[in-house]
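First chain written, first letter: the chains are A, B, C and D, and each begins at residue 1.
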Amino acid sequence: MATINVQRPERLTLAERLYLPAILNGLRLTWRHIWGERVTLQYPEEERQFKRVYRGVHRLNKDDKGRVKCVACEMCAASCPAHCITIKATEVEWPERDKIPKIFEIDELKCIFCGYCVEACPEDAIHMTRHYHLIARSREDMIFGLDKLLAIYDETKEQEVLRGVDFGMTHARIPGKEAANPDEVQKLAYPVVGVVTKAETQRAQ
Amino acid sequence: MPTMVIDGREVTAPPGANLIEAAKLAGIEIPHFCYHPALKVVASCRMCFVEVTQEVRGKPTTRLTTACNTPAADGMVVRTDTQPVKKAQNDILEFLLINHPVDCPVCDEAGECKLQDYAFAYGTSSSRFAEHRRFRHAKKLGSGIRLYTNRCILCDRCVRFLRDFVGTGELSVTDMGNGNEISVFPGRPIDNVLAGNLPEICPVGALIAEDFLFKARVWNLRPVDSVCPGCSRGCATFLDVKDNEVQRTRARENQAINGYFICDDGRYLYHVIRHETRLEHPAVREGDQLRESNWDHALDVVVSRLAESPERVVILLSPFLTEEEARAGAHLSRVLHGSVPGHVPNALREAPVSFPGGFAIDGDKAPNSAFVQNMAPVPLQDLVVTKDTVILFFNSSLRIGSVSPRDAEILRRAGFVAVIDVLWNDITALADVVLPGRMWAEKSGTFSNSAGMAQSFGAAVLPPPLTRDESDVIMDLTQRITTRISTGGGAIP
Amino acid sequence: MAARQNRMILDQCEIPGVRSLAVARRYGAYNALAKALTTMTPDQVVEEITRSGLQGRGGAWFGTGLKWSFMPKEPRVESFLCVNADESEPGTCKDRYLIEKNPHLLLEGVLIACYAIRASTAFIYVRGEMWEGMEVLETAIRELTTANLCGKNILGTGFTINVHVHPGAGAYICGEETALMESLEGKRGYPRNKPPFPAAYGAFGHPTTINNIGTLGYVPWIINHGADAFKGIGDPNFPGTLIYQVSGHVNRPGLYEAELTVTLRDLIEMAGGVRSGHQLKAVIPGGTSMPLLTADELDTVMSPASFAPRGSLKSGLGSAAVIVLDDTCDMVDVALNMMRFYRHESCGQCTPCREGTKWVCDMIERIHRRRARPGDLEVLEQVLVNVGDIDRFEFNKTICLFGVSFGWPLTMLIRKFRSEFEAAVAESTPAPVPLPAPASVLPDGDLRAP
Amino acid sequence: MISQEQLIVSLVLGLVLMLAMTAGAGVFTFFERKIAGWTQGRYGPNRAGPKGYLQFLADGIKFALKEDVIQDYVVKPVYVIAPGLMMIPALVLYAALPIGKPFVWNGNEVHLQIVQANVGVLYLLAVASIAVYGIVFGAWASNSRYPFFGGVRASAQMISYELAMGLSIISVVLLTSEPGINALSISNIVAGQTGYWFGFIPRWNLFANPVAFFVFLVCMFAETNRLPFDLAEAEQELVGGYHTEYSAMKFASFMLSEYVNMITMSMVMVTLFVGGWHFPGIEAIRSQAIQVLLSIGAFGIKVLFFCFLFLWVRWTLPRFRYDQLMHLGWKALLPVALASALGTAIAIALRV
C-alpha cells in the first residue's frame, strides 16, 4: 500500500478560534469599501466603452452603392451553432452580382453572439456592432429581418466594429495587411471586456 | 481479369476497366473532372495522374500517367500518393483555379462541386497567379440551362454528353487555347429532353439549371431515394428535400434501368406536387356542384352507394397506383363481389425515344401499367357500365389526359362515380365523390416498370393535411363495408 | 573542312517546269511507282524501305518501314494514308517549297506508300495558308488521274488509289498526327490520347499511317536505287539527307540539303555566315519548339544522334529549321515572340497547356514591359516545368507534345540567358497585383469583376 | 399614581414612536440596500425620487398593490395571524424603554417612557420571547416543507440564544442593583449608568462588563434573525425560509417586523449597555429643555449606530452553519454569559 504523506494544517491559534480578529478584519474591509470607489455605470446616462471586438447586435453591410452586400451563401447559417439565421435567396439583374437574400432573418433571442457568422462570411457582409440595446415588445420583433439589419448598418456605419478579419484565421490570410502577430490575433479573437470605471469613462470622453 | 497492386492493395479489375474504376474497387479515390463512366474518355483535365510501374521491354518503368485512359493491366503497380502524383494534382488545380472565379458563395454547385472538394483535398490554399483573370458573362443555353462561363474548367463533359450520348451535339468548344469557351451555335439553343442532366454532369457550377437556381444550398438538402413516375421506364431518382418541399430531382445510378441519367420530363415532374390544381380536401356532389366535405361524410356516401348493390359495383384501378395500392384495390373488389377489378388504361402514349448512349424513354407515360394490368386484367371498355353502375375509380394520375375521352364517356354513363385523385381534372369534374389521394413523393410504395423490374421508393415530403394514402382509403372502405355486412345494414344479403 | 551539300531532293525540285507531269516523267518520275507496282509486292516495298533505314522527317525519326509494317496485312476495313503537310513550326518552310516545286516527287512517294500499306485512299492534309501548294497538288493529281497513275486500276495493275488534298484551317496543333486526323474528320483539332495508335484506329476509325510529306519524297529514290544505296549516304544510323532550313541573322537564308553528318557551324557557313558586324548569340536548331543552343555548341552534328533523349544538350533536331540569332537579339523579346505564338496556337483541350500558355505569356509580357515583380522569374520557371518538365520527360503532363514544345525551349532560354531576364526584372517597376487576394477571402464581394 | 403630565407624555410618545418605528423600518430597508450597494462598490437604489430616497415608498406601494395569494393548503387562520404576531412584539417591546432624560413638568417628574414598569427587564424578556411565535406559526401554517424547516430552525435558535441573552441581562441587573433600588426597573438601569469612573469614563455597563455586552450583542443578532444567524430564511437551502408561502402585505409585515425588531433591539442594547440617553457632559448643561433634547439626540445616535452595525455585519460576514450556530449558542455563549454573571456577582459582593 502506498502511503501518502499529507501535511495537515496546524491547529488554529486561540485568536483564530475566537474568529474575532477575522470578523474585525472583515468589518474593516467592508468599511473601507463603503467609502471606496463605485464601479457601477449609470446606464442610460453613462455607457460602457467596449473594445472593438465586443460582439453586440449584428448588422448587414452595404456596398458602396448602398445595396446589401450579402450574397445569400448561407455560410453564416451553416456555421451558426444556435441555428438562428434563416436565408432565402433571390436573383437580381445587377451587373456584377446576381444573387442576394430575399429573406435574411436573425433570431436575436436564439443568438448566442458567438461571432461565427462574422468569421464564416466570405463577403464581409455581416458584422457585429457594439450595440447592446436589444429591446422589443414581442418575440417576433426580436427576429431581425433584412430591413432592420441594414438599418443597423446605417446607424453604426461610423463605428469600428468586429469584422471577419478580426478573427485569427482570416486575419492571417488577408494579403496586404501586415502579418498578424499571434498574440495580437489571440487578443482580437477573444474579446476582453474590461470594467470601465466612471473615472475611466470620463477620461475617455 | 487483370490483377494489379494499387497503393499496396491487390485489385482484380474487370477486363477493360481503367485505373479509376479499378482504384474505386479498392476503395481509393482518384480525383478526376473530365472522366465520366458514361462518356468517352478524353483525359483532358489531367487531374487523375497516377504513377504506374510496368514492365516495358523487360524492365520495370515508372511513369506518370492519367488513370482514366490507362486500362488496367496485369502486373501493374499503381501509386496514387507519391510526391510526383501529389505535385501533379497540385499543379493541375493551380492551373484550373487561375481563371475560376471561386464564387462558391453564390454558386449552387457549392457542396457537391468537384473542384471545391479537390481544391480542399489536393490543392494549396494560395495561388501564385497574379495576372489579370479572364472574365466571361453567364449565358443562357436553352432548355433552362445556364452557363456560368467563368466557372467552366473546360472538362468537355457536356460537349461529349450531347454529342456522343444524346446525339444532338448542340454544345461545342469555340475559340482556341485560353480563349476556349463552351457555347451553342448561334440561334440553335440546347433542345433535347436530356438537357437537365447537364448541371449534374458538370463537375463544377458552370452549368446550372434555372429550375434550381438559388433555391437552396445543397448541404441543406435531404436526398430521398425515389422512382420517377413519369413513364414505364421507372428511372431511379433522388428527390432532394428541404423545408418539406422537393427542391429538385436528381438521377440515381441504376445501371439496369437508367444508367446515370433521367429525362427532363421526369426531372421537372416534381412541380406537380405543389401544383395549384392539387386536390386538398374531399368533395361530394350536391346538385350540380362538388362541395367541400370531410372524409367521414364522403366515405359514408361512398359506402352507402357501394352497399346498396355490391354486384353492380365496378372497382377501377389506374396504372398510376403503386403495387401495394393495386393489391389492396383487388382485395376490396374480392370483398365486394368476389371478382377482380377493372383498369383504365393510360391514354398518354408517345413514341418511345432512345438515345445513342443507351438511354431510353418509354412510350407509356404511367409508371405501373404492367402490374396494374396484371392485377386488374379487364380494361374499362370491356366492362358493362349502365345507369345503375357504381364506379369506384382509383385514379391518382399525375397528368391530365391519362384517361382517354372514350373511357371518360363510359364513366359518364355510370350512375355514381367516386374518384380518388390527386389533381382537379376532367375525371374529378364528372365524379360524384372526390377523395384526395397522395402523390408518389408523399408515400412509400413500389412501381414495376415495363421490363418487370420492381423498385420501391420512400416518402420524401409530408402531404397536404387532408389527403390520405390510397391504400389507407381502400382499407378504410373495406373495413366500413365489412362492418356494414356484419351488422346487417344495407342491402348486402 | 567545309561540308558540302548533298542535294538529292532539292536538285529534283529545281528542274525547270517539273511541276508538270510531262516534264517530270521525262526526268524519271513514276518509274519507281511502276517498278513497285509491277515487280514488287507491298511487303517487299515495306521490306525495302525498312532496309533502307529511312526515318520520318517530321521530327520524331521513327522508322518509316517499321511504321508501315504496323498496318494490317489483310485489312477488314479500308486503310488510309495521311500525309502531313501541315507545316506550321516557326522557321520551317521545306514542305511548302517541295510541294510548290515538285509535287510529283511527293505524289509518287504517296502512291508507293499507299501501295505498301494497302491503302486505297490518301489524304494530304495541307496547311490552310499554303493555297498555292494545294493548287499545284490538285493540278498534279488531275494530271495523274488523266494519265491513269492515280485513281482506279493504276497502270492496269488493278490497284486503286485515290488521293485527296485536304486544306487545314491553319492551326498549329493540327500538325500533331492525332489532332490532324480529328481535323480531317471535320472535328475540332484536339490531339487524341494514345493508345490506340493510328495504325489500329486512325482517321475515321480506320487503320491509318501518317507520314510527313518530306519523308515520302525519299521513297521513289529508294525504290529506284535500292535500299543499300540509300543506306550508304551519310550517317549509317540516320541515312539519307535532310533539308535544313536556315533563317535568321545569316547572310543567305534558305534551304540547304545535306547529309546528317553536317555540323551546325557548317550549316551557318553554307548560309553565308552570321551577318557581318555581328556576333552569333544563339541558334535554335529545329524550330522554336526546340531549346536553343549557344555559340559554344556550334560543333554539334545536326543529327538526331546528337540530341538523344536525356542528352546533355537538352535540345532536339525537330524540323531542322535552324534559326540563327545574333547579338542584336533581346532574349526577353525572343521569349515573348515565341510565347505569343504558343498562346495563340494552344488548342485548349488539356488543362496545363491551356492555362499555362496564358500564364507564362502574361508573365513574359510583363517582364518585357519591365513591369515584373520580384520572384516572377522563379514562378515563371516553375510554371514552365509544371507544363513541360525538361528534366523529367516521364512526368510530362499534357496530352500531346505541345506542352513540352514551349516548356522546354523557354526553360532552356531562361536558363541560358538568365542574366538578361534578371536584368529585366531588376529594372522593372512592379505592376500592381490585379486581385489583392484570392476571391475566397476577398472582403469586398466583387467576385465577378475581371 | 401616574401624574397627568406623565400620562400625556406617555400617550404622545406611544403614538410618535409607533409611527416613527414603522416609518423607520421602511427607511431602514432603503438603507439596507444602499449600504449593501456601497460595501459592494455599487450605488444602491438611486432612481426612485431624488437620489433614490423614495425607494422605500415605491417598495411599499409595490407590496400594497401586489396580489395577496393565499394558498389552498395553508391553515388559513394561523396563516393570516402569523405576520401580525410577528409585528406585535416588535411594536410593543420599546414601551418600557426611556428615550430621554426625565424632566420636571409642573413639578411632576416625567419620564420619557411609555410605560414605567417596575419590572421592565422582565417585560423585555417576556415580550421578546413572543416573537418566535410569529415565525413558528407562519412556518407551520404554510403547510409546506421549506417554511417548516425555517420555523423549526428559528424556534431552536431563538430559544437557545435567549438563555445567553437573559444571563447577560442578569449581569446588567446585578450591576445596577444597590440596596433600595429596584434593579429590574429600566429607568433605574439607565440612571445607574449616569455616573463616571475616575471622573471621565462613563459608568456604562459596556465598560463595567464588556463580556456581557459582547454576549448580548451576539444574541441580539441571533434574536433578530439577522446575518450571520439568519438560518430561518436561508434562501440557498430553504427557498425563502419561514415566509416562502407569503406574498404581498403579509410578506411585507414579516419584512417590516424584522426591521422594527432590529431598531427595537438596538434600543434595548443602548438602554442596557450604552447608557441609554446618557452622554458624557450632560451634567454641564444648565437648561433642562436642552438637556432633554440632547439626551434624546444621544439616544437616537446610539441607536442609529447599532442599526448601522446590523447592516455592516450583514454585508461582511457569511452565514453560520447550523451546527456552528448551536455550538456557539450552547457551548460558547452560555458558559461565557454564566461566567460573566457569576463574575459580576462576585465582584459586587466583594466590593460591597
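Just so it is clear, contacts are C-beta pairs under 8 Å (C-beta built on N, C-alpha and C of every residue); 3 or more make two chains touch, one makes a residue touch a chain.
The shown structure was predicted, so the numbers you read here are calculated from the model rather than taken from an experiment.
Centrality by Cα centroid goes to chain A. When the interfaces B-C and A-B are ranked by C-beta pairs in contact, the top one is B-C. Averaged Cα coordinates give chain B a centre that lies 52 Å from the centre of chain C. Distance between chain A and chain D, defined via averaged C-alpha coordinates, is recorded as 50 Å. Per-chain Cα centroids separate chain A from chain C by 69 Å. In chain B, 104-106, 125 are the positions where the chain touches two or more neighbouring chains simultaneously. Shared interface positions of chain A, i.e. residues touching 2 or more other chains, are given as 71, 97, 122-123, 173. Against chain A, in their complex, chain B makes its touches with residues 104-106, 110, 125, 138, 213-215, 217, 219-220.
Across the interface of their complex, chain D is touched by residues 23, 26-27, 29-31, 33-40, 42 of chain A.
Considering their complex, residues 41-47, 49, 61-64, 66, 69, 84, 88, 91-92, 94-96, 98-99, 101-106, 125-135, 150, 153-154, 156, 172-173, 175-180 of chain B touch chain C. Put simply, chain A touches chain B in their complex at residues 71-75, 78, 89-91, 97-99, 122-123, 173. Per the touch definition, chain C reaches chain B in the complex via residues 171, 188, 190, 193, 343-359, 362-363, 366, 373, 379, 382-383, 386, 394-399, 433-435, 438-440, 447-450.
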